[in-house]
Each structure stands twice: as C-alpha cells, then as structure tokens.
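Next come two complexes, and both contain chain A; in the first it sits with chain B, in the second with chain C.
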Partner chain A sequence: MAKDLVITNTERQFILDLLANSQRLDGRKSLLQQRDLNINITPNRYGDIYLELKRDDGSIATRLHCKVTAEIVKPKDQRPFEGTFYINCEFNGLAGLNFENYKVGNNSDEFYYGRLIESMILRSNALDLEQLCIVAGLKVWNIRVDVHVLEFDGGFLELASIGCMTALLHYRRPDVTVRNEKVTIHSFDEKEGVKLGVLHIPIALQFNLFPLKEAAEIIKTNTSSENNNELVVLDCTLKEDLLKDGEFIIALNKNREIVQLNKPGGIPISASKIVEFSHMALPIIEETTNKILKAIDIDEKKRNKYAHLLSAENDRYVE
Partner chain B sequence: MSRFEFYNNDGLRIDGRRSNELKNFESSITTTSNFANFSRNTSTNTTYLQMGQNKVLVTINGPKEPTNRTKIDSNKATLSTNINISKFSKVNRNTNKSNLPDKQTLEWEYEITQLFSTIVVLETYPKSTISINVTVLQQDGGVLSAIINCITIALINNSIQIYDIITAVSIGIVDQKHFLLDLNHLEEQFLSSGTIATVGGGDQVSLLRIRDKFPLDLIEEFMQVGLQGCSVLKEIITKQVKDMNLNKLVEIQ
Partner chain C sequence: MTNLKYSVLPNLDGSCELSTSNSKVITAVSGPLEPKQRHRLPLQSAIEVVIKPSFGMGPTPREVLMQDKLATVLQAVIVTELYPRKLVQVNAQILESPFDEFGSMMGNSFNEILSPMIDLNSCFNSSFISLCDSAIALKSSFVSTLLGVTEDKLINIAEVSDLDLLRSFNFKSLHHIVLEVEENKPTNVLLLDSQGDFNDDDLVNVLDNAQKITQKEFQNIRNILKDKVSQDFIWKA
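Up next is the complex of A and B:
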C-alpha cells in the first residue's frame, strides 16, 4: 500500500525470523492474536464512527473514520426500485508520511479492498436497497460511506468492514413523506430519523501468509499437505503487511454464511487449510459482531436518556 | 428460487451434462491456419481457447525490455495483465459507452497478476516485462476460469518458464446439496458460485473466489468438487498441449 516505504534486507530477515518463532514486532505473543479494537461513536450525530486499533502498550496503531451520508438522486435505469450505495475509501497524506495525496491506480491493493467491502455489502444484500426507494424511477436515496484512514499500521480491511457496518447500523436518514408526488423531507427536529435496513452483518477477516520455504519448493511438494509450508498471521502491522506473500480473505456473518471468500494469487495453500481457517474465523467474527452491537446499544441508551419521560405511551400488560 | 430446474431427478443439468461433467475444452496454439508461417516468440503467437461457449484469445508479449524505465526490477521480471472483454461477448450487448474496463475486469486483472507472479519463474527474466493480453470474444459462465486456463496454455506455448500448470474451474451449488462443475451462463446467473484454481492438479489452492452467499458448512465439499475438476482439467490440458506441439513439429519438418 505504501509505495515509498522500503524495508531493508536485515529488517526483513529480522521480522521473518521473529514470525517463525511466533513473536511479533509490536510485542504480541502469538501470530493469531489481534490488537484491541475500540469503537467510538460520535455523540449527537448519526453514522459517524471512529475506530481504533490499540497496541499492547496503549498507543494507537490504526485509526479510521467512517461517515455515512445520504442524498436523493435519480435511480439507475436498470433498477428503478432500488437505492444506490457507494463506498469511498482512500488513503491520503493523513495516514502517514509515506502515503501520497494523489489517487493511486486501479491495480492497487486499496482499490481491491475497497471493491471487496463494497461487494461484500451489496452482493449479500446486507443493506436493503429497496427500502431506499422514495418514488420509483425518479427519486431514491444514495447512501455513501466515506472511509478515511487517519493513522495506519496495518489492519485496514478488517477495520474498514467493521467501520462500514457499524456506521450503516447506526445511521438514520431523514424521514420522507410523499403526497401527490410531492416529496417532503423532514428534518430530525420534526420527525425521528429512519434506520437503514441492515439485514445481516458481514465482517471481513484477513489471513496473511508468510512462506517458510521458497515458492518453487512449495509448488513442487504438491501432495504433502501435512507439511507446514507457511505461517498464518492475523492482523498484520504495516511492515509485516509489506513482507507478506499471499493472503486469504474471508467475510462471514453470524449465521454461518460465507459472504466473500477470496484468495487472490500468492503462494498456494492446501485446501484442507482453507477449510480450517474458514471455521477458525467464525468465533472471531462472532465476537466482533457482538462488540459492534454492544457499542451501538450503549450509544442508543445514552441518546434516549429521557425517552421514558417523554413517551406518551401507556404501560401495557402483556398476557 | 428461480423458475429453472438446474439439477433434475435424473441427475442432468439444463444443458444435459452430469453434475461433475466439464464443458468441452479445445485449445489451439495459433489462430492462423498456416503453420509454415509459424515462428516462435513473436506477438502473432496467439493462443485460442474454447471452453464450452467461452471463447478466449491470449497473446503474450515478452519477455521484453520495459518501455517505462521505472518499472525495471533488476532481480526479476514484472508481470502485467490486460483483459479486454468485448462488448458483443454476452447475449445482450454491453451498452456502456466508455471504453474503460469495468470494475470486475480490473479485479480480475489484479487477481490474475497476483496468481501468475508466483507461478512464472520470474527470476529467469531479470530487467524485463511480460505482458499478458486477454481478449474475451464470447462468454458463457465461468469466464475467469477460462481466462486462467488459456493463459496457462499460452505461457507454455510461448516457452515461458512456469513451475507448474494452473487449472481453474467454476463451481455452483443447487438447493444447498448438489454441486455443479463448470457452470454455463444461466447457472452462473442464478446460483451461488465460485472459482477455484489449483497448482498442478494437486490439492494446493492458489486462487479462490466466492462472491455470493454460501453456507460455511459446505465449504469442504465445495473444495473437493473443485479439486477434482481441476485435476481432470490438468490431464486434458497436458494432453492437448502435447498434441499441439507434436502437430507443430510435424508441420515444421
């Protein structure tokens, strides 16, 4: 991702040796240990999320900002009943000195990851686009998620997918009434906003592969699946990320459904390992999903502190 | 579910194949019929692959000196892929006005470049580039797998060193229990499907791509079906490449 960052041969060897002894440069004890995730929801705003990955010593490794905005647009000709959805993720100078400000080419990792998150949400119907229709063929909502990287030390894909889903779950669009084909948009003072239809929560997880042998050797020893040809590392730092030699991305939801499963090239791994990783990912993703739901729940309670006082609803007895 | 019966009780699919039957697979080294004009290492050396109704042309340019000086890597060659999907390749003509490739094609380019960077012995060609140009003339489901297979054959025919043959195949799932190998366009449109590519027909998976919702518990079977298909395909490719080269020898002599 970072173009100018060059790792010297000695440092490269050092990091790889550490990994071979299952140690990490930032002090983590195991290859599968992830850094602490913090979800901060900005008060008084909808769909404005800050995510942090914290190192063991408490300093912030990666910081991400996700913001949802909605506007009314004309729908696409082929799909007059559906709203539109767009994710804009960008690395720019904010993320660190080694990131450039201009737009990078289409063949880059970040283009690929951005596309992956977009299709993760769109193709699995995680966001119900039909709810976003106001007047068929004329007016629909366009939901746009902006992902900004404020500080970067690896873990972009996971954070971006968590951030997008949290922001979409939290966001409320203004309510709209249609009368005689006249559309009125109500501000939040007039009417409570409407939540987006999020049907399930897919979260991406990236397994990074580091070869223990030369690539040629791995390819030649074709059937030895019990041999350990590679190391699998979760939640890479930036330096590890630049040294990796292949990756395996899986997006799952809590209902045991694979939403995306991607292994774009890199060193080959045996099929049984892929199955193993996919099952390994499930508890991690369940944990993350619970974290997201909890963060949103806490925020909801803070927001509606006086809800029970203002409500005109009578107590009801349920038999 | 859709109105089609993708896998009936007799075990037949829409196009009359069995569940684990591949489409017919035919490749040829060069598109010109005149073998006497055949010369190696020219860019006229085009490989053509017909996998069912998928028609793919691959030209490999290089190894040659890179036009852009900054792209030189003194240790190994750099690989670049360019995929051109022609507008008439589908049933409905692509009405997109711009000539720029769409996002899916760009994703494929990225994946194919990553895939072949580990398979081609790049260290043999330092300070040079190898560019792979793909033209898709007609698509009928599983285009990505056809492209990957065609590039493998093209690399062999262009005498570029590779570690092993890569074969790719697409797989779909019907009613959460039947797995279909090598999909046609109807199946690809309505079923959850994925593409798998393995090295040398073994169990080493080198590319995997599932973009639809897919039950986690069925992934093991999915892989088994895929690996089987790939190993069958490897035999076919090996045989065809050998036959083609024998023909070539005969023609030259």
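Up next is the complex of A and C:
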C-alpha cells in the first residue's frame, strides 16, 4: 500500500529555516535558482522527448518522457472543422512508492496540472486545431500527448509544459490527400510528414509561496506599505512542495504575452506582485524557449544532413 | 542489440531500462512491501504487476493479459515463501514500441499480435534485471526470447532494427519463450506462447534456437550483473 511522504516536524522546521536564509536542501544557493534542464530527442522518432532536471551534483531529480501520437477520429458535433487535442498524464508506482497504481488523483495535482497545460495550449491557440481537419464533420486528427513520469522530485508543471511544447514542435503527422472525399494517408516514405501548426510557445512557470507569518495575521495587518510577507521560491523539490502555502502560476510566451494566470488559494499576495512575477518570469521563459528551439534545431540538422547538398538555393552574399 | 541500464530509479528498490533494436521499456521492482488486506497471503508474498502502455490510458485489456503472463512466470521464479504477508510490486512502463506511429498496425494482420509480444518480451528481460537489482530472492534466472517463423527463416525479433521490415514480414507463426537458466544452462520452459500456424517440427526448431539465444543472452546479462555486484559491494574488497 502506498505510504504518503511524511515530513517530520524537525525536518519541516529545518527546510523552512533554510529557505528563510536563501538556502535549499539540494544545495542551491538561491530561492530563484532552477535546476539544470536537459532536453533529449529520440533520434529515429517524431515527437518523442525525454526531459531531465539535474541537481548540482549531476544526479537526476525529475525525469519525464513526452510522446505525441495521432489518430483519425470523428470530430465533435459542435466543432466539425477542428481536430482534438488531449494531454494524458498520471503518476504511477515508477515515480516513487508514495504514488499508488490504479489510484486516480494520487498527487491530486497531476490532473489539475494536466488540464492547466491543456488549456494553456488550447485556449491561447498555441496549437492550430483547424489545420488538423481532414474532412469537415467526418475525419479529423486527434493529437494526444502522453506524459510519463519516470522520476519525480518536484518541478512537474514547468517540465511537463516544456515537454509538451517540445514534443508538439517536433512531431510530424503523416501527410493526407483528399480527393472526392476519398482520404489517402501517405507513409513517411511516400511523402514527408507535416509539422503541427504551433503558433507560439507558451511555457508555464510556478512561483511557490512560503509564509513568513500566519495567513490570518497577514490579512489583519496588511497595509499597502508592507508587502513582504512571503518567500518566493522557484522550482521546488518534492519536500519543499509539500510545505508550501500557495502558488502562483503564470504562462508566458517569448513575445511577452501572458497566456494564463492562476492563483488558487494559499496565502494572499499583493496585487502589485503580479507584475513583479511577470517580469521575473520573462527572462526565464525566454531562455527556456531558446533551449527548446536549439534542441529541435540540432535534431533537425542531424536528420537532414544532406539538405545543403540537395538545396537548389543560391548562396547569398551580404555585403 | 540489447542495451541495459540498471538502478535508473534511485527512489525504488530495483529498476532497469532496457532497449532492444526496436523497443524500449523501463521496469521497477519494489518489495517486500506492506500490502493491502486483500493482497495479504498467509504463507507467501503476493506479486503485483502493472504494465503501462506507451500511449493512452492504461492498463487496457491488452496490458492486463501481458501482466498476467508476467505474473505467472514471476510466481514460479520468486521465492515467495520468504516474504509471507508481503507484496512484491513490479511496475513497467513501455516507452517505445515499433507500432506507436499512426498507421503502423495496418498492412499486416500479424502486427496486432506481434505488438504486445514485443512489449512483453522486453518487459520480461528488463524485470529480471530489476529483480536482481532489488535483491528479491530468486529461485533461478530466466531469459525471454521472441522468435518469428517465416516461410524459410527463423527470426529473432528483438534484433530487427528496420521497423518497416519488421512490419512487413510474412510470419507463419510467432513464439514467445521464457526459459529458466540454472548453472548457466537453459533448462525448464517457464512460458511458451505461440500464435499462428505451426507443427511440432517447427516448435522443436524454435525451442532449439531459443536455447542457443538464451545461452548467449544470459552470458551478456551475467557480465552486466557481475559488473553491478562488483560496483555495489565495493566496500567488501
């Protein structure tokens, strides 16, 4: 039977004291320092990504596998011109003994975060669903991203959103020709696969809040002049995650657009903090986006090593 | 070519990531654990096997059948009497299967049967390493082989790296054999799962070949385990 992760009072106090002194249990020296992100793309597949968060000592803290699969389905009646998109993520016994098999909502957060990423991608139109239509009302592509958690020590939301976007950017579906309502699906040998219509790359970031005072006290005494009632921590480990009291989730893209904001309960923060958080998130999102694009670019170059020989394009010389 | 990595999940007792030429699985073993009341057997340990598919929600009936096959063999191999009222949990996640891509199932009626067999074959070999890694007591070792018989050839499916070729083979029959290995020699048959059209000559031929492959594979596994033991017990020297 799965046993919940229990933190003793002394350990709890220790972790909170460390945080108050800007120290982390895994050796990080700042509350805003994130663990190293590694993106690995499986060489002979499309949309098959492994992501790792590495600790300072080189050991793997969190590891996810994201895989995109496509199938042809009948569209929803209300939306005959749109394909469908779904994210499937669940924790199981592989992630640790505190996660039970067959139990829905183990972490209670996984489904919540899954839906959060799904709405981040769908409602901001990051994935163009109309491009997935084959025959209106009859046949559309259903794109599914499976997120498998292979190792877990916090940082799920960020990693899963990065993984989903990388996988969607990398995936190619088979090309389709429609002639007189007759649908032909071409294998990758016949015709090169078609990339999905990813219009922008939103990435979620979670600010974890730790109270310096009791919540009731904050509400009672809060005036506009003092607003430093909380510690803000990025990329929490599993243990820190259990001790936090509130979170603020923001999804942004490189174009400096806010895609989603979420502050589900927890300790109250002052409204001006939202702008501050957005500014803090921007450089991080920018860096992550570049990392994703670079990983995909490197993979593309490996796959397409003869492109420069086959290209009919003339060399351009710029003065 | 089979590629093995053991102890990949530090949070669990034993784990292994195994990739063959065309599939990839990760398995983990935890135990002996405190089981739920209904799993508690007075004289032996219960064995729970959970296999997750490479995509979609699972386990679906396809995976449940695989789980049952794996659990039956593990029941025969694990020394269950050593851990009464306990639970040994085996988790497997299929990461890559040759039939993940859209449309790859079509074109050959054997693919529907071949796909779970390939996954299960990898799960068997990977769970053996995981069991060794978790230091659960085993009565003997085992190696799993998947062979396909075509008109004129016998094919070791784990070694076919060309996916298109794999999907288009004209198989007459498919055989999944798990052989027990004692003192470096393949002995008993722990599982024999054959599908298709075959006669007794075919089966004898398949078993003969499976023995040879098992012998070779086990040597490979043995070397890996030897490395592992020398690493794990470094303080003993």
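Just so it is clear, the second predicted complex is superposed on the first by the 297 of 319 C-alpha atoms of A that agree within 3 Å, B and C clash if a C-alpha of one lies under 4 Å from a C-alpha of the other, contacts with A are read in each partner's own complex, and residues count from 1 in each chain.
Keep this in mind: a contact is a pair of C-beta atoms (placed from the backbone, for glycine too) under 8 Å apart; a residue touches a chain by one contact, two chains touch by 3 or more.
In this text, all values refer to a predicted model and were calculated from it rather than measured experimentally.
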item: Side-by-side fit of chain B and chain C on chain A, or clash; value: fit
item: Chain B versus chain C as contact partner of A:Ile185, first or second or both or neither; value: second
item: Which superposed partner A:Ser270 touches (first chain B, second chain C, both, neither); value: first
item: Touched partner set for A:His148, first chain B, second chain C, both or neither; value: second
item: Which of chain B and chain C A:Phe14 touches, first, second, both or neither; value: neither
item: First (chain B), second (chain C), both or neither touched by A:Phe111; value: first
item: Which superposed partner A:Ser59 touches (first chain B, second chain C, both, neither); value: second
item: Superposition-derived angle with apex at the Cα centre of chain A and sides reaching chain B and chain C, degrees in steps of 10; value: 120
item: Three-chain overlay, closest Cα atoms of chain B and chain C, distance in Å; value: 16
item: Residues of chain A at both interfaces, chain B in one complex, chain C in the other; value: none
item: Residues of chain A defined as touching chain C within the complex; value: 1, 3, 42, 45-46, 48, 59, 65, 67, 69-72, 88, 90, 92-97, 101-102, 144, 146, 148, 150-152, 173-174, 185, 187, 189
item: Parts of chain C lying in touch with chain A, wherever the complex brings them together; value: 8-12, 26, 28, 30, 33-36, 48, 50, 52, 54-57, 89, 91, 93, 95-96, 100-103, 164
item: Residues of chain A touching chain B in the complex; value: 106-107, 111-112, 115, 119, 123-124, 215-216, 218-220, 222-223, 225, 245-246, 248, 252, 256-272, 274-275, 278-279, 282
item: Touch list for chain B against partner chain A, complex; value: 103, 106-107, 109-119, 121, 163-164, 194, 198-200, 202-217, 219-220, 223-224, 226-227
